[in-house]
Amino acid sequence: MTNEAILETQGLEKRFHTDGGLFRREKVIHAVNGVSLKVLRGETLAIVGESGCGKSTLARLLLRLIEPSAGRIVYDGQDLTALTPQAMRAIRAEMQIVFQDPFSSLNPRMTVAAIVGEPLQVHTTLTPAARRDRVAEILERVGLRPDMANRFPHEFSGGQRQRVAIARGLVVGPKLLIGDEPVSALDVSVQAQIVNLLEDLKSEFGLTLIMIAHDLAVIRHMSDRVAVMYLGEVVELATTEDLFRNPRHPYTKALLQSVPVPVPGRRVARPVLKGDLTSPANPPPGCKFHLRCPLVADPCRQLHPALVAATADHAVACHLHDSLAANAPVADPALGRSAAADQRFELWRTHSAAKAQGAAP
Amino acid sequence: MLGYILRRILIAIPTLLLVSIFVFGLQKLLPGDPVLALAGEERDPEVLAFLREKYRLNDPVIEQYMFWLGGVLRGDLGVSIRTNQPVTELIGEKLPVTIQLAIMSMFVAIIIGVPMGIVSAVRKGTWLDYVANIVALSGLSIPNFWLGIMLILLISVNLGWLPASGYVNPWDDPWRSFQTMLMPAFVLGTSLAATLMRHTRSAMLGVLQTDYIRTARAKGLRERRVILRHAFRNAVLPVITLTALLFGEMLAGAVLTEQIFSIPGFGKLIVDAVFNRDYAVVQGVVLCTAVGFIGMNLVADVLYVVLNPRMRGAT
Amino acid sequence: MTDLAQSALRRSPSRSWGKLRANRGAMVGAAIVVVFVVLAVLAPLLPITEPTVTDWAAIRKPPSATAWLGTDELGRDLLSRMIWGARASLMAGVISVAIALAVGVPIGVLAGYFGGWTDQIISRATDALLAMPFLILAIALAAFLGPSLTNAMIAIGLSAVPIFIRLTRGQVLAVKVEDYVEGARAVGLGHMRIMQRYILPNVFAPILVQATLTIASAIIAEASLSFLGLGQQPPAPSWGSMLNTAKSFLEQAPWLAIWPGVAIFLVVIGFNLFGDGLRDALDPREN
C-alpha cells in the first residue's frame, strides 16, 4: 500500500429527482452528498453503511457509470468528468467492477467465453485465438475449468458465476477493481473462498481494491482502510484496526456494537439508536445523524459537521469527536477476545507485517 | 383525484393531435392529383381549379393541415362525395344504430363471457376449465363474418326463425328491431365474450390465490358466497376497465357484422365509403373512432382509480 | 434475485423446448400450421386443377368424386381454390408480421434504451396509432393505398407496428436496468453493441410469442379485408373473397360458405394454440 492516490474524488454529489408532473412536487434525493476521498494505490478500501446510504451510487460514480451532479473524479491525474466518451472508454480498461448479484450480472444469452472475452475484443487487438488463450488463462486463475467456457451462466452456481464476473473484471488487466458487495449474495462457505480469491488476485496483479460491503467481519479481514457512510456522506475514515478499536463517530460505534457477539460472557449493553432511519429525501438540518444520535448536542442540530482529521490517519465528521464521551474506547465485541489475547494478536500482527516487508522486493 | 383526471386529460391532448395528423396524412397517400379525390366525377378544369382553391390544395401542407383541423374543431368533417351530406350528419345518422348493436352485443358478451370465466377459474384444471378454454380460443379464432354467415345459413335459410338482414328502428317496432339485431348482436358478442372470458379468468385466478380469500374460506363461509361476494368483487375491477377498452374491438367487429347483415351503421359506413372512394367519410370515421377510443380509455383509467380504494390515496 | 434473472434461469432453451413439446395443445396447433404451410408451399406441384379455370357446365356442383369440395359459381374447383387461398392467407400473415417486426422492434428498442425525448415522441405517436382499432386502421390504409394483396399486407403490417413498439419498449425498459447491462457499460461497450448483444437477445422471447399470435390476427385481418374486397383481388383466390361471393349463394351452394371459413378457423386456431403454448413455455409464471 503506497501513499499516492490512484483515485480521488472532490466534492462528489449525485442528486436524483423523482417525477414531478403537473400536480405533485418534485422530490430531490441526495444520494451522494459531497464526498471527497482519496483511494491510495495498492490498498483495499472498504466502504460500509446501511442500505440507502449511497455506497452503491458512489461506486458507480467512481467509474462514471452514472454522471455526477457536481464534483470531480480524478483518476491517475486525469479528470474523468471532463473526458469525452471515447477517451472514457479507453480508461475503462483500467477500472472494472464486480456486482453483488451473481445471477443478474452476467448476460444470460452469452456464453462464459464470450462474456469474459468481450473486454478483450473492445480494448485489445488480439486475434480470436489469442483471446481464447487469455480467457482460458484467466478462467483457470479464478478457479474455473476452461473447458466449461462454452456453457451459459445459468449452468453455474452462484459462487462460480461470481468467479466469472471477477474473471471478466480482470481479463484486461485493470489497476482498480471495485466490488459492489461481491460476496453478500453468496452462501457463507462460498463467501470465504471468493474473499480469499480476491486477496490472492490483488497481490498477484497489484490491484487497488475498493470493496463495498456491509459485513463487518469480511471488511475487517480484507481491508486496509474503511470509510463509513451515512445518508450520502462519509462520516468516518480510518485504517481498519483504528476504526474497529477506536471508532470516533457515534454511528460507527453503534454499527460495530450491533454485530452479534458469539461469546456469552462478552455481551455488552448496546446503545440502541433512537428513531427511524431517516428518509434520504427528507434529511434533517445540521448533522444528518442527529435525530438518532445518543450524544446529540446543540451544534449538531444546526451545523453540518465536516470531515476533519482527528489524528493523522483518522478522519471523522462529528462535532463531538473531541469530547470524552465520544472517545471512550469500545471493548472489541466483534472478536470477543480478552485483553491478553488482544496483546498476543497484536504481536502476531506486527510479526506478519515485518515478514511481508522482508519478503517484498 | 381531480389532479389525476386533469393530468390524464392533458396527456390525451398530444395523442389526439397526433391522431389528427395521421388522419390528415392519409389523404396524402393517394396517388395522383388530390383534387380528383374531392371532385368525384367532375373533370371540368374550372371546377377543379375552384375546388383546389376551396380546399386550399395549393397552399403548403402545414396550412392545409391547420385549415382542415380548424374545420374539424368546428364540427366540419367535410362532405360525402356520394350523397353530398356533411360527414358529421352521416355519422350522426349511423352511429346510433351501431351503438344499439354495441350495447346488445356487450350484453351478450357479458352474459356468456363472465360466468364462463368465473367457472373456468374456480374449476381450474378440470374438464370444465379445459372445455371453456377451447371454446374461448375458438371464439377468438373464428372469423366473425363467417360465424355470421353460418348462423344465417342455419337460422334464416334452413330454419327461417330470424331475418337474415335489414334494420328496423327500435322506436318504430321494438320487437322486429330486436329480431333483426339478435343474430348480429350474438355474432359480435361471442367474439368479445372470448376476450372477456379470458380476462375474467385470469383476474379471478389472481384473486383466488390471495390470502384474504383463504381467510374467507377459513371463516367457514359457503363457497358460493366466497366466490361471488369476495373474489368476484375484487376481480371485477380489471374486467370493468377492460369492458371500456373492448370498445375498439367491438367497432372492428361491427364493420364486418354490419356488412353481412346489411345493417346501416357506423361500420358499414366506412366500408361503403371505401368502395365509393368517399375519402372524407373514411377520414371522418377514423377520426371519430380514435376520439371515441381515447375517450373510453380515459373513462377506463378514471373508473379504475375511482373503484379501486387502494389507488385513491396514491393520487 | 431479480424477477427477470429468475425467469431467465427458468427459461433456459432446453427447458422451454421440453415444456413446449409436452404441451399437447401447442403441438396440435403446430401440426395444423405445418399441414397448411406444406399444402400452400407445394400448391403448384400438387395434382389439382388450376384455381382460375372456369367451367360453365359445372357451376355450383356439390362435393363429388371429381371435385372433392364442390365447385363455385364459375365452375372452379373449390379444393384447388382453397389450397391456393392458403398461399395468400399464410403469406399475408407472415409477411405483415415480418413488416411489423422489422419496423416496430427497432423503434421500440430505441425508445426504451435511450429514453428522454426520443421515448416521449415515439410513445405519443404509438398511443395515437393504438387509438385506432387494428381493423379500422388496416381498412383505412388499404383504402388509401388501393386494393391489392400487397397493399393489404402493408396495411396490416403497419397497423400491427404500434403493438410491437409498445411491447419491445416495455421489455427493453425492464432489461435496461439489469446488472449485466451496466456491466457491459462498465466494460466500455458502445450503445450499438449493447443493444445488439445485451438488450435484443434478452427481450426476444415475449416478442416471439406476440409475433405468433399476431400472425393469427393478421390472417383474420387479411380474410376480412378480402371479404370486404380490399385485399386479394379476383380472380386470384383468397378465403375472404370466396366467403364474400358465397354469401350470395347460401341457399343453392352452402358448401361454398362452409369450407373457406373452416380453413380460416383451423389455421388461426393453430397459430393461437401454438402461440399460447410458446407463452407458457417461455414464461412459467403466466397462467
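Miscellaneous remarks
Letters A, B and C mark the chains as written, and numbering starts fresh at 1 in each.
To be clear about the criterion, contacts are C-beta pairs under 8 Å (C-beta built on N, C-alpha and C of every residue); 3 or more make two chains touch, one makes a residue touch a chain.
All values derive from a computational prediction rather than experimental measurement.
In terms of the stated touch criterion, the partners common to chain A and chain B are C, listed by label. Put simply, the chain nearest the middle, going by average C-alpha positions, is C.
Work out the mean CA point of chain A and of chain B, and you get 58 Å between them. Between chain B and chain C, the centres computed from C-alpha atoms are 22 Å apart. Rounded to a whole number, the gap between the C-alpha centres of chain A and chain C is 52 angstrom. Residues 14-16, 18-19, 21-22, 26-27, 29-31, 137-138, 140-143, 145-147, 149-150, 152-153, 157, 202, 205, 248-249, 251-252, 255-256, 259-260, 270-271, 273-275, 279, 282-283, 285-286, 289-290, 293-294, 297 of chain B are the ones that touch chain C when the two sit in their complex. Those residues of chain A that touch chain C in the shared complex are 60, 63, 65, 88-90, 92-93, 96-97, 99-101, 103-110, 118-119, 122-123, 152, 154-155, 165, 168. Of all the residues in chain C, the ones that touch chain A in their complex are 1-2, 4-6, 8-9, 12, 178-180, 182-190, 197-198, 201-202. Considering their complex, residues 124-125, 127-129, 131-137, 139-146, 216, 220, 223-224, 227-230, 243, 246-247, 250-251, 254, 257-258, 260-261, 264-265, 268-269, 272-273, 276, 287 of chain C touch chain B.
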